[in-house]
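I'd like to ask some things about the structure below.
To keep things simple, chains are lettered A, B, C, D, E and F as they appear, and every chain counts its residues starting from 1.
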Amino acid sequence: MSLLKLGIPKGSLQEATIDLLARAGWKVTISSRSYVPTIDDTEMECLLVRAQEMARYVESGALDAGITGHDWVVETKANVVELAELVYAKQRLSRVKWVLAVPEDSPIREPKDLAGKVIATEVVGITQEYLARHGVKSRVEFSWGATEVKVPQLADAIVEVTETGSSLRANRLRILDTVLESATVFIMNQKAAADAARREKAESIVLMLQGAIAAATKVGLMLNVKREDLATVLSVLPALKNPTISALSDSDWVAVNTIIEESVVRQILPKLKAAKAQGIVEYPLNKIVL
Amino acid sequence: MSLLKLGIPKGSLQEATIDLLARAGWKVTISSRSYVPTIDDTEMECLLVRAQEMARYVESGALDAGITGHDWVVETKANVVELAELVYAKQRLSRVKWVLAVPEDSPIREPKDLAGKVIATEVVGITQEYLARHGVKSRVEFSWGATEVKVPQLADAIVEVTETGSSLRANRLRILDTVLESATVFIMNQKAAADAARREKAESIVLMLQGAIAAATKVGLMLNVKREDLATVLSVLPALKNPTISALSDSDWVAVNTIIEESVVRQILPKLKAAKAQGIVEYPLNKIVL
Amino acid sequence: MSLLKLGIPKGSLQEATIDLLARAGWKVTISSRSYVPTIDDTEMECLLVRAQEMARYVESGALDAGITGHDWVVETKANVVELAELVYAKQRLSRVKWVLAVPEDSPIREPKDLAGKVIATEVVGITQEYLARHGVKSRVEFSWGATEVKVPQLADAIVEVTETGSSLRANRLRILDTVLESATVFIMNQKAAADAARREKAESIVLMLQGAIAAATKVGLMLNVKREDLATVLSVLPALKNPTISALSDSDWVAVNTIIEESVVRQILPKLKAAKAQGIVEYPLNKIVL
Amino acid sequence: MSLLKLGIPKGSLQEATIDLLARAGWKVTISSRSYVPTIDDTEMECLLVRAQEMARYVESGALDAGITGHDWVVETKANVVELAELVYAKQRLSRVKWVLAVPEDSPIREPKDLAGKVIATEVVGITQEYLARHGVKSRVEFSWGATEVKVPQLADAIVEVTETGSSLRANRLRILDTVLESATVFIMNQKAAADAARREKAESIVLMLQGAIAAATKVGLMLNVKREDLATVLSVLPALKNPTISALSDSDWVAVNTIIEESVVRQILPKLKAAKAQGIVEYPLNKIVL
Amino acid sequence: MSLLKLGIPKGSLQEATIDLLARAGWKVTISSRSYVPTIDDTEMECLLVRAQEMARYVESGALDAGITGHDWVVETKANVVELAELVYAKQRLSRVKWVLAVPEDSPIREPKDLAGKVIATEVVGITQEYLARHGVKSRVEFSWGATEVKVPQLADAIVEVTETGSSLRANRLRILDTVLESATVFIMNQKAAADAARREKAESIVLMLQGAIAAATKVGLMLNVKREDLATVLSVLPALKNPTISALSDSDWVAVNTIIEESVVRQILPKLKAAKAQGIVEYPLNKIVL
Amino acid sequence: MSLLKLGIPKGSLQEATIDLLARAGWKVTISSRSYVPTIDDTEMECLLVRAQEMARYVESGALDAGITGHDWVVETKANVVELAELVYAKQRLSRVKWVLAVPEDSPIREPKDLAGKVIATEVVGITQEYLARHGVKSRVEFSWGATEVKVPQLADAIVEVTETGSSLRANRLRILDTVLESATVFIMNQKAAADAARREKAESIVLMLQGAIAAATKVGLMLNVKREDLATVLSVLPALKNPTISALSDSDWVAVNTIIEESVVRQILPKLKAAKAQGIVEYPLNKIVL
């Protein structure tokens, strides 16, 4: 029998999650004939569950743990433990916002203008709580999707999720306010979290997931430099971690090996060259635990 | 300004509906950049709306009329007029059933065994009404989809829609009972239905849709036959409509032209040949109003 | 040796042209290994040629005839005979316009504002002639495509082809004027047009193409009606062509068979029913020569 | 229990066969989860079987009847009844040839040059019989496919199937001789063919298949003509079948309705027009039994 | 002229083989117009040959060497040298089994129950030898594919290839026995294997292929550790190869660089962290020769 | 405001350029709704421009810099600075040739035979200059594409671009002469090149692009070797760059880390093994600045 029952989010987060698990060291295979994926770890069992329903099923104990959005934990008011955020800058696991939006030319300017209006959203609970906070009374209607095209014909405003806001702008909507920020989270139910074996297993999974996430935006950098130029070279490198400096056969030279953010390489490389570093090589990484 | 605002169901019924409208004489174009389709009829305006939300928006007057499932009219308890059923035997507009199903090896045998159990479904209202009718108390949970794979891990039973039951059998589920039968319907709100101009427009649309539906499963059949063999030939033809019998130049012969179900042609053709009919030709039809 | 060398337009008109030829009775097969299509007519030979280059190669005699746009005949100033227009309302062979367009917020309001400005276009000759007509001097630059995204960064105005204007509006462009209207045409060079055999062949091809084009938007309509109601029924039918009225065995009834525009069926059918027509059947057509 | 077990050829003939059955009046559905198709006829049962194996399984009685190539009946030397040829000019059910081919520059010029050579083919039996007929001894090797690329590296000659020879020419092969002509056939085993009920069912299927095949390359033609021009018009029409001539209300005119090969329409239409026919209409057909 | 003629398996092994060759350092390009791939090595020439036919053509000398399955070497009884196994755990080059299988509910329980039964298989020779070994007489029929759906309608049992057995289970088959285990092998004919130059070339290819295969499931691991914690860290690392331990500028610390199976990283990483390793980095590898 | 406006070539070079920019450290995102890509560098702004039009728009100052082919700089006679060649051996950014070609069986043998003939080409200017150089007068016609199929029907010769000549050979064309060699280049206009800030930015982009290009065909190689075998091992390694030799804990051994061309690994690895190198590992690289 498996130690940990893990829910994997079906739908928009699915591919990114399975890809992340693969990079973390677990191969999840989804057969077209079944919704129960197989995983190459005898201590685990997986189930594909909608992100929206995940927290509910983790809370009830049908699952020990799950990967879902913080927003759905809030919406379902599920009593679960958020073990870690899994903010993955590449592709789809990034941080998102639920925003209140109206048509560009709507007379609605601030939350209080919503009084008596119709708001369409997939997160009825979150929206009602937001309105309560602002002391406004509106009619909040559950939307089965394509919420951004419901205004102005079917609703006066919407509460919709967005990463960059570009889809909203393309639909000529104006953002009024941020209702909730959210990220992908790893959750457990209270009972499983209190059980030493399951807790330890969950934490080692999180360690590996975070190691893979950290590696996705970083690279290794190796270079050789004369001892007399070492200080200059080191001053150029960011302080993410102390570089590994090793002796070479030729005692006038040392080798420097370090890990840096991929996005800063384009700024640092010209400076390293100017600082007389030689044989500069950037190489890819799989996982990082600093 | 247009006379009639019509809701077209977005999603699984969308393609079949737009195809049916095309066969009935209206060309609806859906741009990838907009969710407001264009229609080549200045008296009409269209909006793509989820089947689940259609009745609600027709009731509120945001739309005059809509095409949706009878099931969603019931689920949303919307106060609308069902002008006509649009049962279209080909492809996707056929009659469906919402059934109560459990895993093949479940101990649940009849509705009363559901007491205290968890039922997952997209139609919470219909399910609760069914349970009330049977005097059973269960926990009914809203399911965002993929309901058939929720048992037994996440629920004890489901209420799910099915056309032939084959998807349920493939998931090793056993059908316990039919909760609701449903078909695609053309709905109007009370106010629009009471307005002569909009009512007439809606009725002419329904006439054309039904003309196209009727033609989809029928074909025309033409043949020549000697007057002396006419009676035998006519006795073979089904009585769907009186055949048109016309005189030919050669007065010993007549031409017979009729409309029959495509599915019976394979039984009738050998008999017509045996009855000495000649030059038998089957041809396709676009619309039929008998 | 073949009688007629016909150029078929490669690219955006290709599929619609081959489809039209198929409906007219010629099967053209394009192998992926060769740009010389085969045609099932020993009197013809085909060559795939860009619409832009067609008139030039017909003029030079490399081809006897070709199908291309009237616009490219004008642009290349080729001395060819336009035998017929092939305006095909369905799909892609419709009438188009070359329009002068500027960004929505451009200060350019009329042709004279173009003086000294840069205009990007695929039809440099047509544009220069247009400017000459308006007595304006601008710099006209040849554009290799994607012309509509060149303003305002790379040009001040464009001359671009459009069917409905929707692509221009989507790029936030404002149409200033129509520079040229164009349709698909069947062209021959002077020498081939003067040759009796090739002229006759070309005319029979045009007859069939126009027969297929005419059929694409029309349908057949059959119905039975009592002699006493015939006049009412006939008054409802449009006067496209005299309907064929034939005697039935039952001498109180006649059969009416006619051809009408598909787009008016939805208006006529309810009226025919009201006029007591029975067994109304709409059927599809392949070709029409009235 | 079903009356007739029919084998449907899996692979290259599959789509064309299922399409032909649909046009003949039977809907065959192939689920991705099963190789046993369903058919909407309670008197029949289907099985997908490779064309190569069909005759063997019909002979053994595992199937009552099957659709396959005549070539595979010969190759497997199966003792079956060929009820009818199903030569379907459109798409894929056309007549084919197994030809003996060598590289363009091969010294092999006639069958006797094959002595001692290696021949690769999928039809080892047919090839050996051909060689025996010509008194030549060669080594015939079974080829699992892609036979045309085996020469000259892996074989000296091949026996390969071809429709038009174009694939052979593209591989720079020269055809030496035709080994066997073949067409799609409907076969039964001896026992089933001798059984009245199954024989009758098989023959009515063949009647419908042939009715659909006949209609695929033919069209209906309707026209009106004055009685005084009738003879001229009739002289233009091919003698496929006597046209149906019917009286019109206006007794000076008659209506002519006939069936002709689609490929001759383009020659006949200009002549009909010249002969003063009016309202010429070509319409599509589903099935023809003359 | 090239030194070595290598057969590359066409079909199911093709993509994995070409990918493996690429990882080993050879770029093979397959043009859609030719079945003779190009390879970027003037000492080699390639030919695409079915895995089933490979051993036969290597034996005959048409090829010097080839990559195919051990099963087809056995089935064709070809006299060739198996230079090496190429077991590639990722994707498709894994070890497979030919198994004897019957329907779940078949009365056949052991090999002797097969007496007088029909067995369908692609490997007739291997199957007959297996039956001979068990002293059983059955009718073995060659199957052109889709063997697993032949029971029970067309055969009583099958001998079919399987990797995990899941496809057999999905078809409700029960595995009775393993008939033959097989893996991808690199073969040469006797003459080429005895020729020093070709043998050396073949062995260097095998060395590179195995280097790429070894790297596919392994990763590099770098970390820094204090000398006092080195023993603990080393005790955690598996003994695949002695880790490289190098001096750092700071003499209290050493850097450890090692190669381990990717599948054990998720177990080792938490332990390395507990053992005070720092800056742990996992990086990908292309080839490994230990 | 951004520092540098960079033109990215739209069309055949687009994907390779965006991929190269990604490997160099810049993420360019092309939305389907806009032709203005976004780039994750606040100092830059991008525009998608056809390679053919790039030099013209860089020269005019609409862009500061651009990536295009040297051929189009020559064809448009634009006055721009070519900062660097970007020859990228993988995929599409390789060096190409514009060649003069005629049908295999054409009597044209050398440039002077072109007198009075028709030449079709996309590079009219380059072709005319070539003809002037050879003192030949021909008619050069602009071709909108598919130039290689224009001979012999529409032209006598062509000037067309080719990488390997295989497409020309497939069309049975014979290459007569090379008209121009070309590679992808990074260009700036004179004014931007003279501006220190923009010049420095452009040079750092070029440095990164070349670092990514250099890494694409190279790999890292690590190995351990006894001090006594070091000289032998070093003699085997190519002299691309001095290898980094570092001391190991076990002072009898050293670690060697070096960068070599991927294409020579298959020759070197067997020699390294013979030279007693151990733990040989090849690993991938992202960027190299030696």
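Quick notes on this structure:
Just so it is clear, a residue touches a chain if its C-beta (ideal position, glycine included) is under 8 Å from a C-beta of that chain, and two chains touch if they have at least 3 such contacts.
Keep in mind it's a predicted model, so treat the numbers as computed, not measured.
Any chain touching chain B that also touches chain E appears here: A, D.
Comparing contact pairs by residue number, the interface of B-C is reproduced by C-D among A-B, C-D or D-E, since over half of the pairs coincide.
Separating the centre of chain E from that of chain F, both taken as means of CA atoms, is a distance of 37 Å. Chain C and chain E have CA centres that are 59 Å apart. Chain centres here are Cα averages; for chain C and chain F they lie 43 Å apart.
With touch defined as above, residues shared between interfaces to two or more other chains in chain F number as follows: 33, 246-247, 283-284.
Taken chain by chain, the contacts fit none of the simple shapes, being neither an open path, a ring, a star, nor a full set of pairwise contacts. The touching residues of chain F, counted against chain E in their complex, run 166, 170, 219, 222, 224, 246-250, 255, 262-263, 265-266, 269-270, 272-273, 278-284.
Residues of chain F that touch chain A in their complex: 24-26, 31, 33, 40-41, 204, 207-208, 211, 215, 220, 241-242, 244-247, 254, 257, 259, 283-290.
The touching residues of chain F, when paired with chain C in their complex, are 10, 34-36, 47-50, 52-53, 56-57, 62, 141, 143-146, 149, 153-154.
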